[in-house]
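Please see the structure below; I have some questions.
By letter and in written order, the chains are A, B and C; residue numbering begins at 1 in each of them.
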Amino acid sequence: MAIHWIDALSAVRVGLMYALLALAYFLFARTTGTINFAIGGYAMVAGLLYGSVVTRVGVPPVLALVAAVVVATALGSLTEALVIRPIAARHRDEFVVVLAIAALLFVLQQLAGMLFGRRAVVARPLTDSAFTVAGQTVGVHDVITIVLSLAVVVLVGLWVARGRSGRMTRAIGDNEDAARALGIPVQRIRMLTASTAGGIAGLAGALAAPQAGLTIQSGVTLSIVGFIALVIGGTGTAYAPLVGGIVLSVLEAGASLIFGSASRDYLMLAAVLLVFAIRPEGLFSTRVRTT
Amino acid sequence: MTELLACRDIGKLYGGVVALKKIDLAVDAGEIVGLVGANGAGKSTLIDIISGNTRQSRGAVHLRGAEVRGGPAKRARAGISRTFQLPQVAHDLSLRENIACGLAAPRFRSPYRLAAEWFHSAVHDTTDWGLVEEVSRSIGLSGLERAAGTVSFGDLRLTEVARALVQQPDFIMLDEPFPGVDDDGVAGVLAALRELSAQGKGVLLVDHNVDIVASIADSLVLIAEGEVAIEGSVEDCMASQVFRHRYIGVA
Amino acid sequence: MTSTQIATALPRDRRVLGVQTWTVAAVALAALALAYFGFAVTSPYRLDIAMTFTMYSLLALGMYVPLFLGGNIDLAYNAYYAAGAYSVALVGARTHLPLLVAVPIGALIAAVLALVVGLATTHLSGFHLALATMLAGLAVYRWISSTGAEITGGADGIGGIPRLEVLGVEFDRELLVAVGFLAVWLVALCLSRFRRALPGLSVRLNRASPAAAEAAGVPTRSMKLMSLMSGAAIASLGGTFIALMNQFILADSFSHDIVFLILFLPMLGGIASPWGAVIGAALLVLLNEASSLLEGPGPLIFGGASLLILILLPGGLLGIAATTWSTWARRSRGSFDD
């Protein structure tokens, strides 16, 4: 079976979407220590918002994209300020945080249902224009998606490695008390990463909306694939989510070619259990988290 | 006297750091051994190794002549009980309920027993609350209905001691049970240890207060830099200039 | 003090809200009886509400020990629910066995599924455990709704389940709901006794400090598997019940959506007692009735309330009641009693 380059391109596009979600998890977890299951919820809300305002209200797509990212950014920072911070202040038990985030995801899903309806929202691409390369039509939207996603991954990578506040995130993740003693504004950096994570998830959701056929149920699905990409890549560097996303997408495309599309859920379960069993810290990791 | 518990050539590495170099130690039936040493000398590590909470890098632990293997639960069922330097209790349970958990050792002897007790407990509470009450009273711990999250540090220590006692152990290890405990509590714990010793059980007592330890122990073991520096009867040790120097000098 | 004396006069820490376990159980039984005769049997529509309440209660009670006492985040409960329902459907529609045997079969299959999930996720905790178990639930749902369609009927489900008949007595919907209510009462009572006896206390100590539980002689690994398996078996009863009531099942009922819904019930009611799960289930069905199911703002209010309770009132409604009660009791007894 010949695999055409256009399929590979599509796998890369999907993989980058996963990578953005995983990157959002990565940033959120880096300073708060929380795997924020609501990441997929932000992406779902952003995607539905983008699709709805373009199709139903007639807002220009670029403006809608910006609005979706802004809303998701706000959701990310609200999660940190109103959910995670108050609970972490009282409980040391991870269980309660997991429950709260599950409740948050549920609330986002129901809220989106009230606002955008419960059926799939048809979303238009940023632009309908396309060009032809070697007999294959490539949508400009796809090219923008790939370029923008890569740019975000690289920018975040540079920020975390070189930026002043970016390096502070590492210090907070390693030892919060020490970071505080060094005079690092822990709360402010947390808020910064939480909102950035929200924005990145929102970008992923809005860019994927035209192809993904999002519904309010997509929040859970997106949360899961993003988390799996994170699990595969690990949390060693800011580029690990990129690798995780691409690996997951290629695996998925390969499995549906070989075993049919129904195999997807089994594959995910197998992949996750395998990674947990062999390398619980992910494929790319510089330090093992002690739990 | 018969040897109850023995540590043979125990060594422990954490990463590349040597926590215990070489420990040989024996406790006879009915004997109370005081284990002393400076902070970081490896006293708690040794207790962790004996109880199975940590695996040694070298050497073996023997109970009644047979090598002890397996995890802490298995060793607890074999008759080893312990307390923790930092009390480990469930804060939402009352003192009474925390102490009762020690009954797991004599009760959950096999997976089958666990399953039987599991379902039976939904119908009928067979927990021996009388024993919990009695043991607590014997060490002077009262107010058992209080939630563990609300009591003093000293009472938490006594709760752990009581939990270790209701396990009905053959060999008990107390890791610094006295800081924060009032005089009545200390006297109660000492009396309980004497009682165990009279029944032929073995005791390993770790505490910084060498006077209390010396007042009850039959022999003392001083560990320093991961090795047994000095061991012997309490009289010999307390008379020894080297012991006093090494213990008081570094502590 | 002998154990019989203790059993008759529980010390204050051994009671729920300062009230003896049996008093709580009697009040709950009276409330269920009132709900049955005063509400459930008065119209077929209300009987449906009572049915949903029973199903939610059984699922939430199934989660109580492993999740809320033990802190093991198992999100594969849709699979255990399905195990109960499909056992009834397959035994009823495809065999000539007496339908009652489907109840233990469903519980057994659910327990085995939980054992597999528990063994596969032995070393996981927190978020990783949540992900792995959720995927296990998704995989089971995928199998039910498509891959295993030859057995499970796929998305169309299975219909034509006969009425339950035991020793010549036919169980119609009203009688089934009565049995369901009794099952809820019995399970909650058993769990509240379990919670305060040695195995339940061991589960709770293990959550606070696995090292201490192990050192106290608790075989923590077997215990975790026991709690997952018995919880799954209880949850399977919810599926058994719903299949017996409706006499048909649809694959869509067994997606992970139900897990999220059920997860919040004990929190809403209060996790300090299994009765909190029952209270949460009652609130959910009342809320659903107040706003029309799924399309209205009911689930949103419900989810939002759960979130608020988690952030602001970790004790749930029972916690509020307990605080009020103890304040009131202290005032009426005089403040020196404590």
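One rule holds in what follows: contacts are C-beta pairs under 8 Å (C-beta built on N, C-alpha and C of every residue); 3 or more make two chains touch, one makes a residue touch a chain.
Predicted model, so just to flag it, every value in this text is computed and none were measured.
For the pair subunit B and subunit C, there is no chain touching both partners. Placing every chain at the mean of its C-alpha atoms, the farthest one from subunit C is found to be B. Each chain gets a centre from the mean of its Cα atoms; for subunit B and subunit C, those two points are 40 Å apart.
With centres defined as mean CA coordinates, subunit B is found 49 Å away from subunit A.
Per-chain CA centroids place subunit A at a distance of 33 Å from subunit C. The set of subunit B residues that touch two or more partner chains is empty. By the touch criterion stated above, subunit B contacts subunit C in their complex at residues 51-53, 71-74, 76-77, 81-82, 84, 88-94, 96-98, 100-108, 111, 114-115, 117-119, 121-130, 133, 144-147, 160, 163, 167. Contact residues of subunit A toward subunit C in the complex are 34-35, 37, 82-83, 86-87, 90-91, 93-96, 98-100, 102-107, 109-111, 113-114, 118, 217, 220, 224, 227-228, 231, 262, 264-266, 268-269, 272-273, 276, 280, 291.
Listing the residues of subunit C that touch subunit B in their complex gives 1-3, 6-7, 11-14, 190-191, 193-194, 196-202, 204-205, 207-209, 211-220, 222-223, 226, 230.
The part of subunit C that touches subunit A in the complex is made up of residues 67, 71, 73, 120-121, 123-128, 130-132, 134-136, 138-139, 141-142, 146-147, 256-257, 260-261, 263-264, 267, 295, 297, 299-300, 303-304, 306-307, 310-312, 314.
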